[in-house]
Amino acid sequence: MKDVLRMAWILGVVTVLAAAVLGAVNHVAKPRIEEQRRLALEQALLSALPKADPRAIVPVYEGDEIVYYKGYAQPDTTGLVGYAFVARGAGYSSEIETLVGVDTTGQIIGLKILREVETPGLGTKIEEVRYGEKDPWFQRQFIGKRARQLAVDKDGGEIVSVTGATISSRAVTNSIRKGLEELEKRLGGFSKTAQQVSD
Amino acid sequence: MEDKLWKVSTSPHLSDRESIPRIMWLVAASLAPAGIGAVYFFGARAAWTIFLAVASAIATEAAIQKLRGKPITVHDGSAFVTGLLLAYNLPAEVPFWIPIIGSAFAIALGKQIFGGLGYNPMNPALLGRAFLLASWPTHMTIFRTPPRGGTISGIDVETGATPLNLLKQAQDVLHQAKVAPGEVPAQKISEAMMHISKLYESYGNLFWGKVGGCLGETSVFLLLIGAAFLLYKRYIDLRIPVGYIGSVALLTWAFGGSEGLFTGNPLFHVLAGGLVLGAFFMATDMVTSPITPRGKWIFGIGCGVITVIIRLIGGYPEGVSYSILLMNLTVPLLDRYTKPAIFGARKR
Amino acid sequence: MELKTLLIISVSAIFINNFIFSRFLGLCPYIGVSKALDSAVGMGMAVIFVMTLASSVAWVVDHFLLEPTTSNLFYHLLRLKTPPDLVFLKTIAFILVIASLVQFVEMVIQKTSPALYKALGIYLPLITTNCAILGVTLLNLDMGLNFIGSVVQGFTSGLGFTLALVLMASIRERLELADVPRPMRGIPIAFIMAGLMAIAFLGFSGLKIR
Amino acid sequence: MELRLFARRSFRGGVHPPENKSLTEHKPIEILPPPAMVVIPVQQHIGAPGKPIVQVGDTVRVGDRLTEPGGYVSVPVHASISGTVKAIEPRPHPLGTSVLSIVIEGDGQDQWSPEVQEDPNWQQLTAEEIRDRIQMAGLAGMGGAAFPTHVKLSPPPNKPIDTFILNGAECEPYLTADHRLMLEYSEEIVRGMAIMLRILRPKRAIIAIEDNKMDAVRVMREAAGKEGLNCEVVALPVKYPQGAEKQLIKALTGREVPRGGLPMDVGCLVQNVGTARAVYHAVQKRRPVVDRVVTVTGRGVAEPKNVLVRIGSSFAYVLEHCGGLRDGAARVLMGGPMMGIAQFTLDVPVVKGTSGIVVLSQEEVRERREAACIRCGRCVDACPMGLMPTAIYHLVKHKRFDEAQEYGVLDCIECGSCAYVCPAGLPLVHAMKFGKLEVSKRMRAAS
Amino acid sequence: MSVGKEFTKGLYAENPVFKQALGLCPTLAVSNSVRNAVGMGLAMTFVLVLSNIIVSLIRRFVPRKIRIPIYIVVIATFVTIVDLVMAGFAPDLHKALGIFVPLIVVNCIILGRAEAFAGRNSVFRSLLDGLGMGFGFSLALFVLAFIREILGDGRLYGFPLLGPGFEPMLIMILPPGAFLTIGLLMGLMNWLDKRRCS
């Protein structure tokens, strides 16, 4: 019995020690991790709304849920450049999440795929950056398009799908179209002309 | 009388005339009508593909046997059959290296690595196909050459793809329309419905082979000629194809329709795709199917169930290859748990 | 959780994202204990049991001790101002809780049911500190499953593992009688077989329950 | 019970090898002269060997007993020619071993023992006395297994025989000895059968003949009628191994002899037609087994025929009387091609169980390079015992005898159907025999 | 055993992956690209070396009966450190490796070395052993990833290597490719070993 108590005691001490060490490390690392997360979101939002000021992209809530973001050119939230929202669609083996930015007229100005677990080399080509290029060719096609133009070539649309991964391509395309239509409904329609943004 | 030492051997001292080479070459012969059909429907390209697949299978087998210092047994015809069946499972316009690599994989990693003929647990030709499909899906899923005298899908539309492909696409549209009403344009819905009904009437094309698809799978008629011969020779056991095709028919009839239970079209599902080729020539590969009578029933029905699952809710329009490969995995268990009753064991 | 969701979790864990053929978890026991069918079945049962158990206790530990929510016990017991975020301790907490719980269960089984102990007990110590077990708890956490979802995922993942293990063992028993080239015998051919099985399981990829 | 007669008479499995019986089936039995020398092994039956009661130099007459039975499951052997005992030494036996044998040099007289004479009072014999006579006449089953007949005729009281079956199936290809015997000696057969029925008093008696011998069916029916025997003569569809007793019982009665059991466990007894005739000789004529009908046939024999030869005659002697061998003769078998045993010399004697001497030509013999099993399942379909020969083959090959036993290796009747159909040419029966040997060795060691 | 051997044995003769079939899960899971393989190898080596050192240091004070839980706590501590640091400083790699970083805790190589080696040997030897095993593990991962990435993606560390004409063999970066590659590699090694012996 005494033995058991001794061992429990040792084990307890070791565990508490370990927890303490980890607590310390966590204390140092946690801000970094959160910073990284924030940075990742900021990066994504910036690729969706390239002209917005990083400090002036504000979430719009509906209840607890962020339904879209508004991006402004100035840090004092003036000069609306557009909106950003997350589109979700079922791909081949995962739900694909895309952050999409549109200007005030509903024309896509940027996008970034946030999450996707498609087949490597097949579905993941929706994020492929060809050698010597800077951005993913598949996503580049969406820039400048509006909701009604969004359909993959197989469905008679203008988006060239990734060969052998029509399902993934279709998921991205259709989810963005749906998201755009929803946003339009929420906003009560896009404006006819683009806001003049002074740099 | 001459006084010599006679040769001895154990009984029996007779045998029927069957031998492995004879069986294999006759199976190859029974596949000939479908091969000739493939060349007729898809042109000289088909002959070239078949030749490359067979040659690569034989060369790989010989090379590995030589490397291992084993007797070279390519004359027994089993590698020929594997190459042939692999070629029958390829689309008409694959690049030349596809059949070569596919056959090499089928023989090397599907068969010889286990010790060669008789020891491989899974169907080599189908492994070759599944390997190609996973490696170069774009080449393996492109069906552009319409067969002579027919169209790719068996109906008069342009949209590429085999009948099963088209069916899957059309059903996807209908499903989409159902879960998200109002989102799919009415014109697309009616188009999909038109496609389905036209597909369901294309029995003639499907039976004679005037539809798109892999080289050897399209003509049910030509395949049945070979199958009848094999059944007559008792090289294949009717239980597997009957269990297989029967369960596909039953399940597609029950669950294949869009208007509820028992509205599917079983005849279409039986005639379309590689079911007939698979059920008569590939699921029956004796090396990779159960040896016991009850095991054969379960094997056939299992293939049918998985095929239907894949066709109806799976990621592929066609499920024959994978269903057979998956059931191959259960063969040792089936053999073990379906042993025939030993004479005198039942009645005690 | 909706029944359909549970069904999707199950089908995914058994066929589509099988622990062996797709997630790469539990490979060492898979290769090590698949030589004979009998032990494969015993191991499979033990894994199903431990995975289910681990999934449930890990959820409880996470939910009541680690997550920074109002159900956090430390928050109530120590009357903290905000719920503490102890998620960083998940690895160490899970592994200790699982290991001690399994040890406890093992003792109980040994005392109460010698037959069950003989069938399962010998495998239990083998798998307590195994990545499939810890893996399923981390996956549950990643996927944000609730209690029922975690238990179902734990159970069905174990089922999928057992399916793969039993199929492999039955095939390896047959391969014992085959003329496998000498350098390939044993573990290498088991890997080749696993690869070919994984090819076959690709057939389930893209399966959609609707 | 009667209804079953119309049911399909068959058993599971089996094969249809070419019969090749036309070579000899129309050739009447030819009686060969006594040879100048005979070699009589002291053991020609299953059971304990006999102990010689003669010495080198003794003179013997035909029918003189040469050995004392070595126990209850044992029968004596008898001189089959008259002459002098030349040697008592191990000699090659057609079963492939060397067995203590009594060599008799003939005196050319063919003098019979005075004890061999008709017993007018045989009807008065008790069952016990009849069995005794059968034993001392050296009767061992002539259907091939050579099990002492008197033992089979003594069922324990708790296992009464209700069905007696006379086995005239002769399903082995080539062999016609039983066929000719039935055609030419139907009365003697029927009389022998009557004697056995008297001992056993079964409810039902059946004479079973394959339907490729309809003439024999007719003749036996007539003979049975004349004798006033209450028995059915049943024509069975041709299928090998119809004549194997378990399969025969199954086909005729629908009963399955339990695994490891004997026919008497299902109330049946099976005797070969030749045995029946020998019973008649033993009981009524007091004539021991000194000769038997042998079919000498095959594409390697110049003049195939059925012959009645003295036990102990060498194969060489018999073959010489059949015109000798042809060129291309490749294999000499004792018994039919499915179960027969290949001989390495012609210096082996005809024994009580020798139903045929078959000489196969080179084209006929199954001589194949072994390939790998392709799991075609033909052997499983063919096995009349419901075994999985390929599984047992692999297990035996890898010395996994315990599992082989689980798969029923001991149930194998060595009929050869599996190896006959195997396209890979695998030595399946060889594996069965070896497996049985090893398994029984282990079982004996364990007990 | 010489000090040098203590280090080199892990590379080939006692390679944890190829020769002992341990640590298979992360090996197969993250070897679809060289980048992931290197990251995982470093993480693993870090934990191996440090846990070996600590275990060797405390080996005299730990009661035998509870040594395993103590080792686990030690290992888990280092793993969590790696996990946190990686999440903070290399988020992309952290995302790519997924749960395989925390799973280093239960990796049988680490516990195996603690139990079989560090628990009985001096600190210096344990350090060398940890380094050797860690590099051996990394080497195995690298070899696998090298083959798989080149064949399956036509690239190496992200750079196109085989030119645009090469059509990558997708299966190599899918699960079956991992199994087949390691199986063939192990067979090849057996064959080479046997040839060297004879």
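Letters A, B, C, D and E mark the chains as written, and numbering starts fresh at 1 in each.
The rule we apply is simple: a contact is a pair of C-beta atoms (placed from the backbone, for glycine too) under 8 Å apart; a residue touches a chain by one contact, two chains touch by 3 or more.
What you are looking at is a predicted structure, and each value in this text was computed from that prediction instead of being measured.
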| item | value |
| --- | --- |
| Common touching chains of chain D and chain B | C |
| Length of the shortest touching-chain route, chain A through to chain C | 1 |
| Maximum centroid distance from chain E, chain identifier (CA atoms) | D |
| Comparison of A-E and C-D by number of C-beta pairs in contact, larger one | A-E |
| Chain closest to the assembly centre - both centres taken as Cα means | B |
| Most remote chain, CA-based centroid, reference being chain B | D |
| Distance from the mean Cα position of chain E to that of chain D, given in whole angstrom | 70 |
| Chain A-chain B separation of Cα centroids, rounded to whole Å | 44 |
| Length of the line joining the C-alpha centres of chain A and chain D, rounded to whole Å | 88 |
| For chain C paired with chain E, centre-to-centre distance based on mean C-alpha positions, whole Å | 22 |
| Chain E, residues touching no fewer than two other chains | 69, 73, 76-77, 80, 84, 170-171, 174, 176, 180 |
| Where chain B touches two or more other chains, by residue | 109, 115-116, 119, 131, 134, 137, 315 |
| Residues within chain A bordering two or more other chains | 15, 18, 22, 26, 30, 92, 119, 122, 167 |
| Pairs of chains satisfying the touch condition | A-B, A-C, A-E, B-C, B-D, B-E, C-D, C-E |
| Interfacial residue positions of chain C with respect to chain E in the complex | 21-28, 31-32, 88-92, 95-96, 99-100, 129-135, 138-139, 142, 181-184, 187-192, 194-196, 198-199, 202 |
| Of chain B, residues touching chain E in the complex | 109, 131, 134-137, 139 |
| Chain E to chain A touching residues, read off their complex | 32, 62-63, 65-66, 69-70, 73-74, 76-77, 80-81, 84-85, 87-89, 91, 152-153, 159-160, 168, 170, 173-174 |
| Chain A contact footprint on chain C (complex, rising order) | 16, 85, 88-89, 92, 96, 205-206, 208 |
| Residues of chain C that touch chain D when the two form their complex | 176-177, 179 |
